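Okay, so chain A shows up in both of these, paired with chain B first and chain C after.
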Partner chain A sequence: MRFGAWELSVERAEGASPARVAVGALVAVALALLLASALFWTPEAGPWAAYRIAFGYAFANPSGLGATVHRAAYLLLCTLAFLVPLRGGLWNIGLPGQVYAGALAAFGVAFWAGAREAAAPGPWLLLMPLAAALAGSAVGALVGLLRAKLDLNEILVTMMLNSVLFWLVADFIKEGGALMSATAEGESFTLPQDFRPPLLLGLPPTAFLALAASVASDFVFSRTAAGYRVRTYGLNPQAARYAGIDPLRVSVGVFVAGGAFAGLAGYHYFTAVPGLYKIPTNYGYYGDLSFYGMICALIARGSAVGAVPMALMFAGLSVGGRFAQGALRLPFGVDYAILGLLMTTFVLSHLVDRYGFRWRRISPPRAARPQPEEAR
Partner chain B sequence: MTREQHSAQATARPPVLRARGITKAFPGVLALDGVDLEVEEAEVHAVLGQNGAGKTTLMNVLFGLVQPDAGEVYLRGRRVRFRSPHDALAHGIGMVHQTRKLVAAHTVLENLVLGHPRARGLLDLHAARRELRSLCQRYGVHVDLDARVWQLPEGEKQWVEILKALYAGARILILDEPTSALTPPEVQVLLRALRNLVEEHGVTVLLVTHKLPVIRAVARTVTVLRAGRAVARLPVSEASDQELVQLMVGQEVALPGLPTDTPRGGVLLEVEDLCAYNDKGQLSLRGVSFSAHEGEIVGVAGVTGNGQDELAQVLAGLRPAASGRVRLAGRDITHLRPLDRWRLGMGYVPADRSEVATVAAFSLVDNVGLNYHFDPEICRRGLLDRGRLERLTRRILATFRVKAPHPYVQARHLSGGNLQKLVVGRVLSRQPRVVVAHLPTQGLDVEAATFVRGRLLEAKSRGAAVVLISEDLDEVFAVSDRVGALYEGRFVALVPRHQTDPETVGAWMAGLAGRDR
Partner chain C sequence: MSELLVRSLEASTVFLLAALGELVNQRSGVLNVGVEGLMLFGGTAAFVVAKSSASYALGLGAGVAVGALLGGVHGVFSIRLRGDQVISGMGLWVLSFGLTTYLGSPHTGPLGLPPFPTFAGLSPFVHAGVLLVVAVWFVLSRTSLGLAIRSAGENPAAAAASGVNVPAVRYLCVVFGGTLAGLAGAAYTLSYNPVWNYNFLMGWGFVSLALVFFSMWNPWILLGGSVLFGAMWQLSLNPEYVLPGVLSRYVWRTVPFLVTVVTLTVISTPWFRTRWGLAKPQALGVPYSD
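Let's look at the complex of A and B:
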């Protein structure tokens, strides 16, 4: 497009600076909120009031803040479950299956320990998260093994296992299932007090674990030989083979680690979040929610620490959006709409990073220049 | 034509394509610095320059792949700006890249139709076939339109790329290093056809290369680029090879010396009756046996597809041996993993520097790590010593004269030659006892190729056994102590260099062993 002696064009950029990425993320949030304001427009209250209610509840109300942090920790663990295989070039799309496996294993330990009746004291509080992580890892290991040995597409395998595990949970908690509640309402039994992890500042240990794991994950990928090998395989499997990096170890390793994080996410939400302590009827909702963990990983461009504010943002908006929806009698699904818009604007911000506007001065036609000097 | 006449003609007849003051900078690198280029209609205009001189960037600008920071492009006197390759093609400029841009699983016909301006919505393959047959007839090209691309030899793939550009209406063809992956007979066929395209059909060819014999065979004019600047534009007939080389590198180049007389030591590498399958499951290495001694370079010549890839990969541990034995300093390594071979002193320079030997998105430091991530000096208790790795990278960049703005630049920003020097430097810096170097100078300019050969000779002189797998007979004869040729997966012969000559080995490569020539 020409403007007098200047021309404006859209060109592919060579790479965006961290500052530009940060500004892009902020603009994306602002744009999403601006677009979503139409959804909050009611005769009683404008979008400003709606956002005040949503953000006030999510980040300033003690009970809302707790819900936000619990949800953010869950999203962060799901982010890690997706991000670790992603750094190895593998897509753990069906991670909800590993979340269900983790929840099932944790409740399995509780059931085995007699949580439905009078439980004998024991190391259950340690065994439950361990079992959850191991169950997620076992599902992940199967995926990694099938990928490395038979070259089966990990996206298809995880999605199929996702479905298998969803119905396995249903089988265990519905009427007649080993983990069903006493009233057979299509949910698991509620964990007794002895099986609930202690809270520190109102938060379960898994919330702190998620944060520490995010820092550790970035450290592992940037500083350790194992992380280097995973990154190499993720960016160029041929070069990785040349460098003597074993594809089987990488595939199985990243899925085992990813599965462990997903299993812990299942443990966190169903056994460690105050007010729940059971696998509810709508457990599929939490599986769906885990997809926002993947979005966080993609938006943060593979940085687990970078995903922390994303997870908080998504968690806050989903919790606050749901609250504002009830308070202002807004249509059902406003919270999902905001998350969807946020996702879209973040993707757009990535596009803006890859392409940039460029002003170029159009030089006037010149007289023929002399030929390049013939160096002789 | 003298230079004066040439210059006079250039000013009298408006050039078909003219670039003025083209400037382009990438992060940390000024790739083009005010380059001027003038190409006349129906000529082969060569663009000569070292690796990293800016040749490919300039062509990418002319083809709309890269937008210049400054400068203008004129097509038949009219100023143009190509926003995309599609745009350039619409103006009659086509480009054949150094790396193939074909879909291997598709047929030739499908590849030719793919992306064609008229191929939108429903494809009329019958009409396309008719048009392409007549196009092939017109240009004297013989390509099976129904063959799958992966089944074609490199020479024919090259032709599919050229046909694709011509079919899309290109009248100006940019060919980026078109001979780099071709065998000598294929090169001759291509050059003949290019002459025909220009002389009989008035097509203009911009030929990017650093091979002087290729330029001399077909080009009328040559523009020499050096460090992002056009330093000369000359009629080819008026310039000597020495002069062109000097213009290209800006200094006198020491031509490769003969192998140093290193006393041959004991056997370091023994290969015994080695067989291996290729990716298609065919037995492509059929009982190869040879040995390489301390302080010796064994040159293995051969036309692509005769088992060289498989030999190199089996030696490096990247492909399993179907049968046979490989021993390194007496130890059987046939079934060892690549990493264990690295640790035992094997060094491997793969043929494909961009897809196999490096990670484009990695910095040079991380790329050096590919050969060091297991080294106890660099990896301690599972942690990478990045400071040490950076110092090592700086040392390799300095020793192997890799032109890079800093060690943290992404490998994708390095020219092919500099990337190759990095790969060779990285491998040799480990001081391996056995070096397998597969096409180590492919696509390199004279200076870089000379440098790399010099480093291989250096490795030999410190006692390494070097297996040099190459298609370039001059190279094989310049540095090898013993010379052999692979034909259909078998060694035709392996003899001391002074007992044979390039013609004989050329005949071995062509499967003419034992016949009268």
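Let's look at the complex of A and C:
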């Protein structure tokens, strides 16, 4: 498009600078919130009332803030579960399934230890998160193995396993299932005090683990040979093979690690968050929430530490969004709508990284020089 | 038992319509992993419009139009802008999952219209599905348009050199794929299960996507696979017809998904691929730049 002596064009960019990527991520989030404000507009309250109420509850109300921090730890673990395979170029959409697997394994240990009756003292507090991580890893390992050995699309396999594990949880907590509460249909038994992890500054150990793992993840990917191998495979699997990188080890390794984080996320939310300590009837909602982890990882462009503020903000949005939904009598699914819009603006920001506007001056055509007399 | 058969065929049709659109998509070289999202949006639009206007025709039109529009959006991203097709597809799925939950929730519950008209005891979607299989097979294997579609999916550079407008062919296919995904969603919410609930599909779109791989990109095998999966799905809802009292109904619900994983595993083995699986479009998922 020309403007006098200047031209504005859209051109494909070879690579985006970190600053541009960061600005793109912020713009993506801001745009999603702007779009969502139109959805939440009510004649009585105006477009921004939902955000004022949501953020006010999530970050300024003591009970809301507690819920936000617990949820942020959950989202951060889910972020890691998605991010680690993503660095290897693989999509772990199986977060809900691995979260359910972790929750089932943790409650399985508690059940086996006799948590429904008078349990004998034992190492249950260590065994429960370990079992949760192992269960998530086992699900992940299957996906990684199928991907590496048979080139089976990991998105399809993880989605199928999500549904399988969703129904397995139902089998365990409904209609007389082994983990069903004796007093309420459709939810698991509540963990007794001895099976609940201790809190430090009001937070369970998994919250600190999530933070430490974020730092460790960035270190591994930027400073170690193993991280380099995963990144190389993620950027170019063919070149990685030529360089001697074993696809099986990378594929299985990243899915095992990702599955372990998701399993721990399941342990965190269902066994370590005060006020819950059970698998509730609406456990599917917590599985859906795990997709926020996917958005965090994508918008943070693979940086686990960069995803920490994202996880905190999205946790606040989902906790506060539910509160605003009730206060403003908005339809169900405020947090789901934001999730969808965030994903859309991420895709747009991905495009902005690949294309750029170029504004340049067009040189005026040179006037023909008068030829010397002899040259004619 | 005949009720079970009818319901199985109707379930098969939902799988078939979505998978047939995706098959055409993929034959042209474009992968859309967000087919579930298109079905969710199409189904929700069809349900809301039909409920609000008390008209099946309007609902159906809305579902199909929304599907086509979203198919076109995927096309712009993956064809014009040469973006990552997986990112675009996942974006469409998450967008649909989130927005349909919010926009559809005021309409949660039954449709409240008389049952969808039937023809020869079956939903017209069943007949339409079979006719579409014939049409797609004919176009793909017997016409110059089909040759253009297949060549765009196999070797787009060679196709372009021989005069095929690869982007135009791919746009046509993604819009067609989106249209059928929207139609599949509409068939679900207007005829198969006319009750809206959030995330009502719970994996149907992904099973449809798996069916395309299972079919080895052949419409006839896709038809057979859809009938098989539809029957299996219906049996998982009514296990008393097969093994009454064995396992809980929740365990039965896992069966279609487990069978999908096992099927995908078998057809991905080197033995199977070497023998039968050579039909995968070579340029599938690869952006084309002329």
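The working rule: the second predicted complex is superposed on the first by the 361 of 376 C-alpha atoms of A that agree within 3 Å, B and C clash if a C-alpha of one lies under 4 Å from a C-alpha of the other, contacts with A are read in each partner's own complex, and residues count from 1 in each chain.
Definition applied: a residue touches a chain if its C-beta (ideal position, glycine included) is under 8 Å from a C-beta of that chain, and two chains touch if they have at least 3 such contacts.
Computed from a prediction, not measured in an experiment: that's the story for all the values here.
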{"item": "Per-residue contact with chain A, leading partner among chain C and chain B", "value": "C"}
{"item": "Touching partner for A:175 - first (chain B), second (chain C), both, neither", "value": "second"}
{"item": "Chain B versus chain C as contact partner of A:358, first or second or both or neither", "value": "first"}
{"item": "Touched partner set for A:44, first chain B, second chain C, both or neither", "value": "neither"}
{"item": "Which of chain B and chain C A:238 touches, first, second, both or neither", "value": "first"}
{"item": "Touching partner for A:226 - first (chain B), second (chain C), both, neither", "value": "first"}
{"item": "Chain A residues contacted in one complex by chain B, in the other by chain C", "value": "none"}
{"item": "Chain A to chain B touching residues, read off their complex", "value": "9, 11, 14-15, 223-226, 228-229, 231-232, 235-236, 238-239, 241-246, 358, 360, 363, 365-366, 368-369, 371-376"}
{"item": "Interface residues, chain C side, partner chain A - complex", "value": "33, 77, 81, 83-84, 86-88, 90-91, 94-99, 101-103, 105-106, 108, 198-199, 202-203, 206-207, 209-210, 213, 248, 250-251, 253-254, 257-258, 260-261, 264-265, 268-269"}
{"item": "Contact set on chain B toward chain A in their complex", "value": "3, 7, 10-11, 20-21, 26-27, 36, 38, 67, 69-70, 72, 79, 83, 223, 229-234, 243, 247, 316-318, 337-342, 348, 350, 352, 355-362, 366, 369-371, 373-374, 379, 382-384, 386"}
{"item": "Complex interface listing, chain A residues touching chain C", "value": "39, 91, 93, 146, 150-153, 155-157, 159-164, 166-168, 170-171, 174-175, 177, 288, 291, 294-295, 331-334, 336-341, 343-344, 346-347, 350-351, 354-355"}
